[in-house]
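Same chain, two partners: chain A is paired with chain B first, then with chain C.
== the complex of A and B ==
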C-alpha cells in the first residue's frame, strides 16, 4: 500500500471541511466508505476487476483536491458552447466537481422534475434522494467507488417522477479547468420513477495544461417501464485520467441505453454494472474508443440477468493506432431461473499499428437453460482489398482509410436515436480521424488553442 | 494510348508475367484470352498498381507518360479503370459517399470544383440507367449483399460515372447469366467512343458476341503468344487452347 495513505490521512484531517461544503445525505456515507477504502487500498494489476488498468499507478502522482469547493474563475457559458447545434437541450454545467450555479434558467421543466446540482437537491429534498443515494454503488466491493463516496461533495442529479416524459434532452457539460493538477470526484444520480422517460448527454472537456484525475460514480434507477438514454462523450486531453463507475438498476419492462464514446483522452476506465431485476427489462450498452499515441481505454461491463425475459445487447468498437491500448471486458451472468434471457455481445476492434494492443475478454456465465446468448469479438486491420478497390476509383489511400474507419464506428453511432447528436458525432469523429483533435469548432476555447 | 514493353512481374517472388508486349490505340477494343493461370489477371492488376505485384522489368506508357510513376489512385484519375473480377464489398460505406469521393477526387485532379449535391445525384441517376442499376442498390453500402450480376452492373455503372479513357474488364462475364451479360455488354458499348479504349479479359467467346474486339490476343505462360483479328476468339471457342500449346511445341 502506497498511494492511498496520503488520502486516508487527508480524509482524517479534512472530513469536517469536506462535510461543510457538501450535503448531509452525502456526508452520512463518508466514514463507512473510507473504512472500506482503507481496507481495500487501490487495486493493482493483480486485481481481476482492474487487470487492464493499473489504478494504483494512476493515483501515484501528486494531485490537489479542491475540498473547499472554491469557485474556479470561469463562466462556462462564455467559454464553452460545445452544445449540439440544432438540438434544443436543457443545458447544465459542472466545473471540476462543483455544479455551476447560474441564474440562467436553461429550460422549463415539468412539475415535480428535479434537475441540477446534487448537493443542492440533496439538501432540499433529502426525503426523495435518501432511498437512492449510495444504494447501488457498493463501497465494500470497489475501491474507486469507496474513494469517490468518501470525497465526492457535489455532482448532478435528475429526478423524474411517475409518468413524466422529458421531451427536451438534458445536456451536462463537464469542464475540467485548473491551474494545478487536480483530483475531482463527481457524482451523478439519475432516478426515473414508473413510466418516466429522460435523455441525458454528458460531455467531458478539459482546458489548460493541468493534469486531472477524475473519478465519477453514476447511479441510475429505472423503475417499471421507465426509459433512459444516456450518452457520454469524452473529449479531454492526453494527460487526463478518468475512472467512471456506473451502476444501473432496472425494474420491470424498463429500458436503458448507454453509449460511451471516448474521442480524446489519456487513460480512461469505464465500468458499467447493470442489474436487471424486473421481468422484461432491456439494456443496451454501446461504446466507441478512438485512440492513438499512448492512450488507454478500458471498458468493463457487467450485466446480471437476475430474472426472466430480460434482454441485453452490447456493441463496443475500438480503433487503435500508434502505441495505444484498449481493453473490453463483457461479463454477462444469467442467474438461475432467468429463463428466456436474450443476450448478445459484440466487440470489434481495429489495430492500425503493430504496436497497438487490444485485450478483449467476453465472459458468459449461464445458470439457466432456456436462454439465447451470443458473443463475438474480433480484432483486425483495415480491409486491404477494400482500400485498393477505393484507390482504383481515384480515392486517395488516406481518404479511403478514413471512409473505412468511419464506416467501422458508424455502426455504433447508428444506435443513437437523436438525429442532431448523430450529425454532431459524425462531425467530431471525422475531425478526430483527420487528427484535428480537441477542436470542436464552436467554442472560444477550441478556437483559442 | 497504352504501350507495354517487355513487361515482367512477380507475386510473392514468383514470376507470372514474362515479357508482355502490347499496344492499344485510341478507340480500340482488345480481347485478352488464355487458359487459367496464364497471367491475365496479373496483367490487369499490374496496370492498376496493385501493391502485391512487383514489376521486375519492362515499361508501360499511358498517354505518353510513364504509368509506373503514378500511384494507384492517380492512375485512376489519369483515366484507367478496372472492372474487378471480384468486386469488393465495403460494409458501412454507402455507394453515394463512395462515388461522391471518387468523382470529386477526379475533378480536383483535373482542376474542377466539387460537384454540388444536386448535380451529383442527377449524374448518379443518369448513369444508373445505362446498366439498369436499381436505385435501391445505389443507396446501399458498396456491393454489400449484391448478387454476382448486380456487382458486375455496379462496376459498369462506376465506369460510366468516372468516364475512363482505358477500361480493363477483368472476367466481367464470369458469374453472369445471359440476360445480365447482355445488359453489362450493352452498357460497355454505350460508353464506347473513338477516343477511349477497352481491354476485355475473358475465358470465353460469349462476351465477345456482344463486345466486338478489334484485336484478340492469347496470353499463355506469361507471354502473348498469338495475336489476330476477332476470328481468333471463335477458333479458340471451337478448338480450345491445346493447339496453341502444340504450336509452341509444348
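== the complex of A and C ==
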C-alpha cells in the first residue's frame, strides 16, 4: 500500500469535478468502484493475477489527471493519418481520454447504429447503455478496473442494433498527447444485438516526450449470432504504460475474434476475460508482441466456458530481444456441465537475447468430462538449420533471421480476415523488425521524428 | 516376466474393482504417544527420545520459531480444512516401551503381521526380490533389513535416528542443504518435529546392488507422521530407491508432512520411485490422509542424474512437488507421474525443474486421472536461469476425465531467462472415448475391465519407469482407485 493513497485522496477531493465533466450513467458507478479500489489497493507482484507486472510500482510516479477534460490543441486529423491504405474505414479519434468531437461526418452509418463518444451517447441514450455499462467489468475483482470505473469520464461506444451488419470497418485512433506526465482512463463499450456484425480496429499512439499511463476498460456484449472482429495495434513509446482490461460476454452462436498486436511500447498489460454463456459461442484470441530494449508485454487471458458446445482458440507469439520481458497467462476454465467443449491454446516464444525473459503460464481448469482441451507452449530460438540453409543460398544472416522471425509471427497475422489490414501489418512488422520503429510514413507525426 | 504379471493383473481387475481400501486395518500394538500439542517442550521431548545431539535440537527449535511466523499456504487448487496443529500428537512410537528390538525375534509379532499384510515381508521374501527395506511405522523406523549386506559395500542405509547417532557428520553436512528449514510451511513444521525416516549414503563409485525401499505407515490415531529422508550419492554412484505408504481407515484426518532431500554428485544417478497409497477417505470424503510433502533433489555434480517416478493413488489431499535443481553442467532430471483421484480426493501435484547449469536437460511426463467428485491439478515450474546455456525441457501433461463432476487442471509455469533454452510444454485433457469403450465391449470385454485396460495403457509411459515389483502394485492400485467410477 502506498501508491493508491494519492488517488483515493484525489477522488475524495474532486468527485464533483469528475462528475461535471462526464455523464450520469458513468457517475453512478464511481463511488462504489472507489470503495472497492480503496479496499483492494493496487496489486503487487504477490498477486497471482498480476504476478508479472508490478502495477503498484507503475502507479507510483507523480502523474497528472485531466479531470476537467480540457481540449488538447491539436487536430488529430492533421496529425495522424495512420489509416490503412486501400481500406475505407469509418475513422474516429480519442485524444487522451476524451472523444474528439468534430463536425466532419466520418461515415454514413446504417440507421439505429450508434458510434461515437461514450459520454455523449450515454447522455443521449441512457436507456440503451444502462443495461450494459459496468455490468461486465466487475469492480470488486480487479483493482485496475475499479480505478478506471472511478475515474473514467469518456471513451468510445459502438451500438449495433438487431440484424445490422456494418460493412465498413470502424477505426479508432487513440492518441496520447500532452506536455506533462499524464494518467488517462479510457472506457470502450461495444454492444452487438442479435445477428449484428461489426469490425473494429483500434490503434494506440503517443506523441511527445511526456510519460503516459493509460488504463482502459473494454466491455463487449455479443448477443445471439452476433459477430465481432476486434483488432488492437499498439505503437506507443518506450515510456508509455498501458493497462487494458477487456471483458467479453458471448451469447448463443456468437463469434468474437480479438487480435492484439504490440509492436512498440513501454510496459503493456492486456487482460482479456471471456465469458461464453450461450451454447455454440466461439471465441478466438490472438496476439503478437515484438519487443526489444526493456519493453514489457504481459498478456493475461481468461476464457470461461460456462455452457455446452462452445469453442475457444488462442494463439500468442512473442519475439523477445535485448532486455525485454514477455509474459503470457492463458487460463481456460470449463465449468461443470459445459460438455462438448473444444479449447485449443498455443503460445510460442522466440528468445533472441541472453537477457530477455519469458514467463509462460498456460492453465486449464476443467470440470466437465466430454471435452477436448489442449495447450502447447514453447520457448526457443530461430532454427539454426533453416538459417544455415538460407545462408547457403546467398541470403545474408541478418536477412535470413528477419525472414524467419517474420514467418514466425505471420501465423498470427493470418488469423485476420481483412486483407488490407494484413498487408498493412506485414509492412509495419517488417519495418519493426528492421528497426525502423513506428514511422508509418504517411502522417506528419511520423515524418517529424 | 513383466508381461506375465500384467496378464494376471488384468484378470484380477474385476475382482479388484470391488475391493475397498484393503490396507485400512489398524494394528493393536502398544504405542508410546506423547501428549497432544506443539510447543518447544514437545520438541525437546522428541529430541530427547531420539537422544539427539544439541545441534539437532537447535535446528529443530530454529525451525519451530520460524514456523510460528508462517502462514498456511493457500495458493494450491485445494480446499484444505483448517488443521488444528495443537490437536495432534507429534510422536508415536509403536515399539513396546522397553528397549528397541535387536533381532527380528524381538519385534512385536503384531507389527510383523502388519507388514506381512501390507505385503512387505521383512525377511526371505525380500531376499528373493532383492530389496532392502526400512519400514517406518508412525514415527519410528521399525527395522532395516539387509543392513549388513549393504555395509560391506560401504553403503549406509539406516533409520534417520540411527544415522544421527552413527554418522552425525554426514547428516549434519547434508541435512537441510536442499530443503532448508525456512523452505515452506510444512517443511518448516517437519524440520521442527520430524521423528524418524531413512538415511542413505552411497560412497564414491559404488553401484547399489539392490533397490532400497522404505515403507511408511501411519497406525496410531490422532498423530501426524513427519519423516525425513536424506539420500546422498557420491561421485559415480547409483541407487534406486522405492517408497511406499499406507494408513488405516479412520474417520479423522491424518497429517503426513515429510521431507525428502537428495544430493546427487558428479556422474551419479539416483532413481526415486514412490507408490503413494495413503488412506484416501471413504466414498463420502470422510477421513483420509493429508499428504503435504516437500521432495527436492539437487543435481550437484556435473553429469549427474535424478529421476522421480510417482504413482499417487491415495490421500484425501495431496500437496506434493518433487523437484530438481540442476546445478551441475550436463545434469539431467526426469519426473514421471501418475496421479489418480476418485470420490472426494484432491491432488495438487507436479514438479519444479530449476536449470542452473549448462546443457541441463529435464523431462516431465504427468498423467492425471480424475473420477467421482475429485479435483486433480498438475502444477509445475520450469525455470531456466540466465547462465543455464543450452538448457532443454520437454513437458507433457495429460489429463483423463471420468465423470462430469470431477475436475482436471493444469497450471504450468515457464520462466525462461536464457536465449539458448528450448522449452516445450504440451497439455491435453479429454475423456475415455466412446469408440475405445465400444471397441472393447464388442470384443467381450466389460466396460469396467475396458476402463482398467485403457487407464493402464494411458499410464504405461510412467509405470514402465517403475521397478517391476512396484509396477505390478501400481497397476493394481490404479484399477482399485477407480472402482465404481464408470457408468
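Just so it is clear, the second predicted complex is superposed on the first by the 449 of 449 C-alpha atoms of A that agree within 3 Å, B and C clash if a C-alpha of one lies under 4 Å from a C-alpha of the other, contacts with A are read in each partner's own complex, and residues count from 1 in each chain.
We take it that a contact is a pair of C-beta atoms (placed from the backbone, for glycine too) under 8 Å apart; a residue touches a chain by one contact, two chains touch by 3 or more.
This one's a predicted model, so the numbers in the text were calculated from it and none came from an experiment.
Novice: For A:218, decide between first (touching chain B), second (touching chain C), both and neither.
Specialist: Neither partner.
Novice: Looking at A:385, would you say it contacts chain B, chain C, both, or neither? Reply first, second, both or neither.
Specialist: Touch status of A:385: first partner only.
Novice: So, A:404: does it touch chain B (first), chain C (second), both, or neither?
Specialist: first
Novice: So, A:356: does it touch chain B (first), chain C (second), both, or neither?
Specialist: Only chain C is touched by A:356; chain B is not.
Novice: Touch test for A:336: chain B only (first), chain C only (second), both, or neither?
Specialist: Only chain C; A:336 stays clear of chain B.
Novice: Per the contact definition in the header, classify A:394: touching chain B only (first), chain C only (second), both, or neither.
Specialist: After superposition on chain A, A:394 lies in contact with chain B alone.
Novice: What is the contact status of A:226 with respect to chain B (first) and chain C (second): first, second, both, or neither?
Specialist: In the superposition, A:226 contacts neither chain B nor chain C.
Novice: So which bits of chain A does chain B touch that chain C touches too?
Specialist: none
Novice: In the complex formed with chain B, which residues of chain A make contact?
Specialist: Its residues touching chain B are 383, 385-386, 388-397, 399, 403-404, 406-408, 410-411.
Novice: In the complex formed with chain C, which residues of chain A make contact?
Specialist: 48, 336-337, 339, 349, 351-381
Novice: Residue numbers of chain C touching chain A in their complex, please.
Specialist: Per the touch definition, chain C meets chain A at residues 75, 77, 386, 399, 401-431.
Novice: Could you pull out which chain B residues touch chain A in their complex?
Specialist: 48-51, 71-73, 75-77, 81-82, 84, 87-93, 97-98, 101-102, 105-106, 109, 141-142, 158, 162
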